[in-house]
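A, B and C label the chains in the order they appear, each numbered from 1.
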Amino acid sequence: MNPFLQLLRSSLGKKYLMALSGFVLAGFVLGHMAGNAQIFLPPEYINAYGHKLQSLPGVVLWGIRLFLLLCVVVHICVAVLLTIENRLARPDRYEKEATVEATISSRAMPYTGLILLFFIIFHLLHYTVRSIYDYSNLPYNLHGETVHDIYTMMYLGFSHWWVSIFYIAVMGLLCLHLTHGVSSMFQTMGWRNEKWRAILDKAAAAYGWVVFLGFVSIPVAVLLTEHAGIALLDKEHVEATLALAKSLTLNQ
Amino acid sequence: MNLRPRIPSGPLANKWDNHKFRIKLVNPANRRKYRVIVVGSGLAGGSAAASLGELGYNVLCFCYQDSPRRAHSIAAQGGINASKNYQNDGDSDYRLFYDTIKGGDYRSREANVYRLAQLSGNIIDQCVAQGVPFAREYGGLLANRSFGGAQVSRTFYARGQTGQQLLLGAYNALSRQIGLGQVKMYNRHEMLDLVLVNGHAKGIVTRNLVTGQIESWSADAVILATGGYSNVFFLSTNAAGCNVTAAFRAYKQGAGFANPCYTQIHPTCIPQAGDHQSKLTLMSESLRNDGRVWVPKDAGDCQKEPREIAEEDRDYYLERKYPSFGNLAPRDISSRSAKEACDDGRGVGPGGQGVYLDFSDAISRLGRSTIEERYGNLFEMYERITGENAYDRPMRIYPALHYTMGGLWVDYNLQSTIPGCFVLGEANFSDHGANRLGASALMQGLADGYFIIPYTLANYLAETGAGAPSTDGREFKDVEAGVKARIDRLLSANGKRSARSFHMELGKIVWEYCGMARNAAGLQKGLELIPSLREEFWSDLRVTGQGEELNMELERAGRVADFLEFGELMMRDALDRDESCGGHFREEHQTKEGEAVRDDENFTNVSVWEYKGEKAPPVKHTEDLHFEDVSPSVRSYK
Amino acid sequence: MKLNLKIWRQKNSAVTGRLVDYQLDDVSPDSSFLEMLDLLNEQLVSEGEEPVAFDHDCREGICGTCSLNINGIPHGPQKATTTCQLHMRHFEDGETIVIEPFRAKPFPVISDLIIDRSAFEGITQAGGFITARTGSAPDGNSIAVRKNIAEKAMDAASCIGCGACVAACKNASAMLYVGAKVSHLNLLPQGAAEKDRRVLSMVWQMDRAGFGNCTNYGECSAVCPKEIPLDVIAKMNRDYAVATVKNIFTQAM
C-alpha cells in the first residue's frame, strides 16, 4: 500500500494529525494571547499591532487564515473519526463502570472540544465579522493614519458582563483542553520517556494555565474598570473614541 | 514391550554428533509432504512446533489454553542452566552432565544427560537471538547466578520470570510460523486420545473446548509435549488445567509409562492457608541464594514472633547438616529436611506446616535495594498472598509438589514405545532421573524442542515415508467412538458430587501416602483407597451441562477420571521401587541420619509400565541403566 | 465473610447476557478471588445448576488467562494484581461485588465470563517476533546489551497478555499491549533489523482487529497487573513515525 495512504488510514496516523494540528492551534492560541495582552499597554500598541496584521498582503493573511482553518477542520474531522472508531470498539458498556486514572480533562476532551468549536464561531462573529455588535465605526489616529480602534472594541466587547462570563468559562475549558492536549501531543508523537513524562505533563498544565490567565485577565480587567471603578485600563481613551465616532457620524 | 534405548555407540562426548550424522534426513523439498501433530505449546511443544515449521514441515499444534503463550512453562521463575562457563568458575559440559546425573540420583541415562549438557549453551544463544531479555552486567554481557545442587554459577535468568521470557521467545517464533501458515494452531482444543494405524501413532482425537465438537486429526507423527502430572496431588504448583490425560491416553494405547513415582517436591512454596486453597504457589528457589532457612530449636518457641527468637535458639538446619551446600542443598533434601523439622513439632505458621526463610542477614550485608532488585517481585507476590512483608519478617515456606520426573518412556530419539509417538519435555521421563536440579526443566524442554526433535523426527519420517492416513479410517472412527462413549458416561453419572471434590480427596490420599516420604504400608493403603474412590466417582459424580458446548465441569471430570487411574499406577510404582532415590523416599531405606539409601543392585533401572486393560494390573518392564563414565556414589551434599 | 455477587451470565456468544444475583456465605478472607468463585461453583453444582464459566489457569499471576472486570475495574481494586492473586481480605464483609467479562468488540464473550482474546494472537503473528532461525544464533555474549536497555526491555516484556488494558480503556484500545511488545523487541539490538517492519505490521494488524484508539487516558497502565508504563506507547508511536517516514523514502518493509 502507498505509505501515505497507509499512514492516514492507520490509528497512529490519525493520532499524528490530531497532535500536529493541535500543536499549530495551541501555538496560535499562545500567540493570540500575547498579542491581546498588549491591551495592558497604551492603546497605540495594540492598535498598531492590529493594523499591521490587517495590512499584511492578502495572500499571506488569507494563507494564514486558511491554514488555521485547515488545522481546525482536520482537528475536528479526525477527532470525530477517532471517536466513532472508539465507540465501535466498545459497543457494550459495563454495567458497572469505574475510572482509576483518567483525568477529567482527558475524559472531557470531546465535550470541551465541541464547546470550543461553538466558541470559535461566536468569537469570530463577535470580533472578526463583528456581526453580534457593530464595531465598524471606531476610528483611531495612528501616526496620522486612521485605523480601527481595537483597544476600544475589546473594551466594549467585554463590558457586557454576560460576554465576559462566557469568555472566562470557555477559557477554563480551553485550559482543560490544552492541559490534556499538549501532554497528549508529546505522547502521541513519541516525544517523551519515563524521565521526561512528569516534567512534560507539568509543562502542559503550566501552558494551559498561562493561556487561561492571559486570556482571562482581559475580561476581568474590563469588568473591574467598567463596573468596580478599579482603573486597570484606559477608560478615558474608550470614551474619547466613542465621542469621536459620534461626532464623525453626526458630521456625515 | 520394546525398550531398546537406541543409545549411539562411541565415547560419551561424541555420541550425539555421531548419531546426528548416522540418522536419516528429510530433504528440504520433501518436508512439506509431511504433517506433524504437536500437542502442547509450552517450552517443549512450542519450540518444537516453531522449529519444525521453520524446517518446512506442516505442523498442527494443539493446546487447551486460549493461547500457546499460556502454557505452564510460563510460571518457571528462577532460571535456566547452561555450561557456558562465562564465569570462569570451572564449568563445563561434563560438569553440568555430572551434576545433573548425580542430582538425579543415578537414575537417568548417561547419554541423554550428556546431550542435554552439550545443548545447553545453544539454548542460551538461541534465546538471546530471539530477544529474551536475560539479566545483564554493566558491561552488557550475560549475568549468571548460582542455583541449588551446583557449585558453579551457571544459571541464566530474566528477573524472576525466566520461564515466561523463554516461553515468550518460543511463542514468538511459533507465532511467526503461524503467521506464515506453516503451523496451524488450535487453541482451546484438548487431546482426548491417540490414534494408532498399523501400530504407528498417526493422529489424535480432540475436543473443541468451546463448541464441544469431537474431531480427529491425522499426521505422519505425533509429538506429545503435554507436561507433567503434579496435579494428581490436587494441590501443587502446577496450573489448574495441567493434567495427565494426553500422556495417560498414550499409555493406554500402548506407550510405556516410566517411573511414575518420581515426583519432585519443591522446597520453597508458600504454605497452605486453609481448605479453600486451590493451588500452591512456588517462589523461586533462587531465594535460597540469599535467604537462610531455620526453625526454632525449641518447639515451644514456634508461636513466638520470629524476631524475638535469639540467634542461638534458631536451628539453621540445612547449614548444620550440609555445611558445603548449606541452604543450596538439592530440592529433595531441602524438602525432606523441612518435613523432618515440622514432624519434629518445630514447624511455624498455620498448622505448624512451615519453616522460616530469613533474609535479614542478606539485607544487612547487601542492603535492601540489592535484595529488592534480585527478588522484589517474589517479595511482592509473597505479600499479596499472605499479607506479610518479608523484608521485616522472615518468609514462611513449605515444600509443595512441583515437577514430575517420571513420564512416558522414550528412547534416545525421544520416541515412545509407540513408533511415531514422540514425547518431549516434562511429559517424558528421560533426563532428570529420580530428582531434577533447579533451572534444568527449562533447559530440557528447550533442548528437546529446538535441538533434538528436529533431527530425530526426521529420521523416523524418512524411514516411514510421507502419507498421513485419512481420518475416515476405521482406526479413527473407533477411537472417536470411544472418546464419545466416555464423555457420555461422565455426563450420565447422575450423582451428587462434583469432580473437584473427588480430585481434592484423591489429592489428600496421594499426598498422605505417596508424598515426601513413603512406606509400604501406606502405599498399600493408598492402593486400596484409590480404587474405591474411583468406584464412588463413577457412581456419585455429577457433571452439569451438555457435551456439545463449553463445559468446564466436563473437562475437569475427564481429567480427574484419568488422575484416579493414574494415581494408582503411581502408587504401584512407588511400592514396587523398594529403595530410596531422589524424590522417591521410602522410609524403610534410610540411614540413621535420615539420608536416602539407594539399592543400586536391584534398582539401577527404569521401571516401565505397560497397560493391560481395565481388568488386569499393568505389567512392569525394566530398562537397565549403564554407567560407563560416572560411577554411582552416595549422593552427599555434606 | 458473606458476599452478594452480581455475575454476568451469558450462555454463549449467540444470546444476550445479564447480571444474576448470588449469595455466598463462609468465604475465607485468605482465599483468592477465584477460590471464592470455586466455592460458588461448588454450591451451584450441588444445587444442580450450571456453574459460572471463567478463565483461569496458573493462578499465580503469570499466565494471563484470568480476566474479570470486578466492580468496574479489570482484575479488581488491588494495584498490580491479577484476579487470581486478588485475595478476599481486600473486600468488606457483606459487600456487593459486580463481576463482568472484559468488554471490547475484538474480545467477544464466549460464555459467561470467558472471552475470546485471539485478536492478540494475530497481532503477534503479524510481527511480534525476532526472526532467529533455530540453530543460527551466534554466541549469547557476542551481542552486548546495555544493562539499562535490557532492564527496560524486560519491563515491557513482562506483559502477560491478559487484555486488562483493552478492558479498562474507554476506547478498547490495545496500544499498551502492542506498545509493550514493540518496545521489548525494538529496544534490543537483536531486534533492530526488523524494527520498522515490526511496528508497521503490528499496528496495521491492531487496527484491522478493530481495537480503538489511544486518547491517553492512562487507564490501561493503571490497571495493568504488571504495571507496564505508558512509555511503551510513546515508544511505539515514535518508532511508527520513524518507520513511516523511512518507508516513504526507502523500502522499510
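Simple rule for what comes next: a contact is a pair of C-beta atoms (placed from the backbone, for glycine too) under 8 Å apart; a residue touches a chain by one contact, two chains touch by 3 or more.
Treat the numbers as computed from the prediction; the structure is a model and nothing was measured.
By count of C-beta pairs in contact, B-C exceeds the other of the chain pairs B-C and A-C.
Core chain by CA centroid proximity to the global CA centroid: C.
One inter-chain figure worth recording: chain A and chain B are separated by 66 Å, centre to centre, where each centre is the mean of the chain's CA atoms. Each chain gets one centre point, the mean of its Cα atoms, and the points for chain B and chain C are 27 Å apart. A straight line joining the Cα centres of chain A and chain C is 40 Å long. In the complex of the two chains, the chain C residues touching chain A come out as 6, 8, 19, 69, 71-73, 98, 100, 103-106, 168-173, 175, 200, 203-204, 206-207, 210-219, 221-223, 229-231, 233-241, 244, 247-248.
Chain A makes touch with chain C in their complex at residues 3-4, 6-7, 9-16, 82, 85-86, 88-103, 106-107, 109, 180, 183-184, 186-194, 197. On chain C, the positions that touch chain B within their shared complex are 11-12, 27-28, 30-32, 34-35, 38-39, 41-42, 44-46, 48-51, 53, 55-65, 78, 80-81, 85, 87, 89, 110-111, 114, 116-118, 120-121, 124-126, 128-141, 143-147, 150-151, 153-154, 157-158, 160-161, 184-185, 188, 190-191.
Only residues 47, 50-51, 54, 65-67, 69-72, 74-75, 84, 86, 121-122, 124-131, 133-142, 156, 158-159, 161, 163-165, 168, 171-173, 175-176, 178-179, 185, 187, 210, 237, 239-241, 273-274, 276-279, 281-282, 380-381, 384-385, 387, 450-451, 454, 496, 498, 500-501, 542, 544-545, 549-550, 552-553 of chain B touch chain C when the two sit together in their complex.
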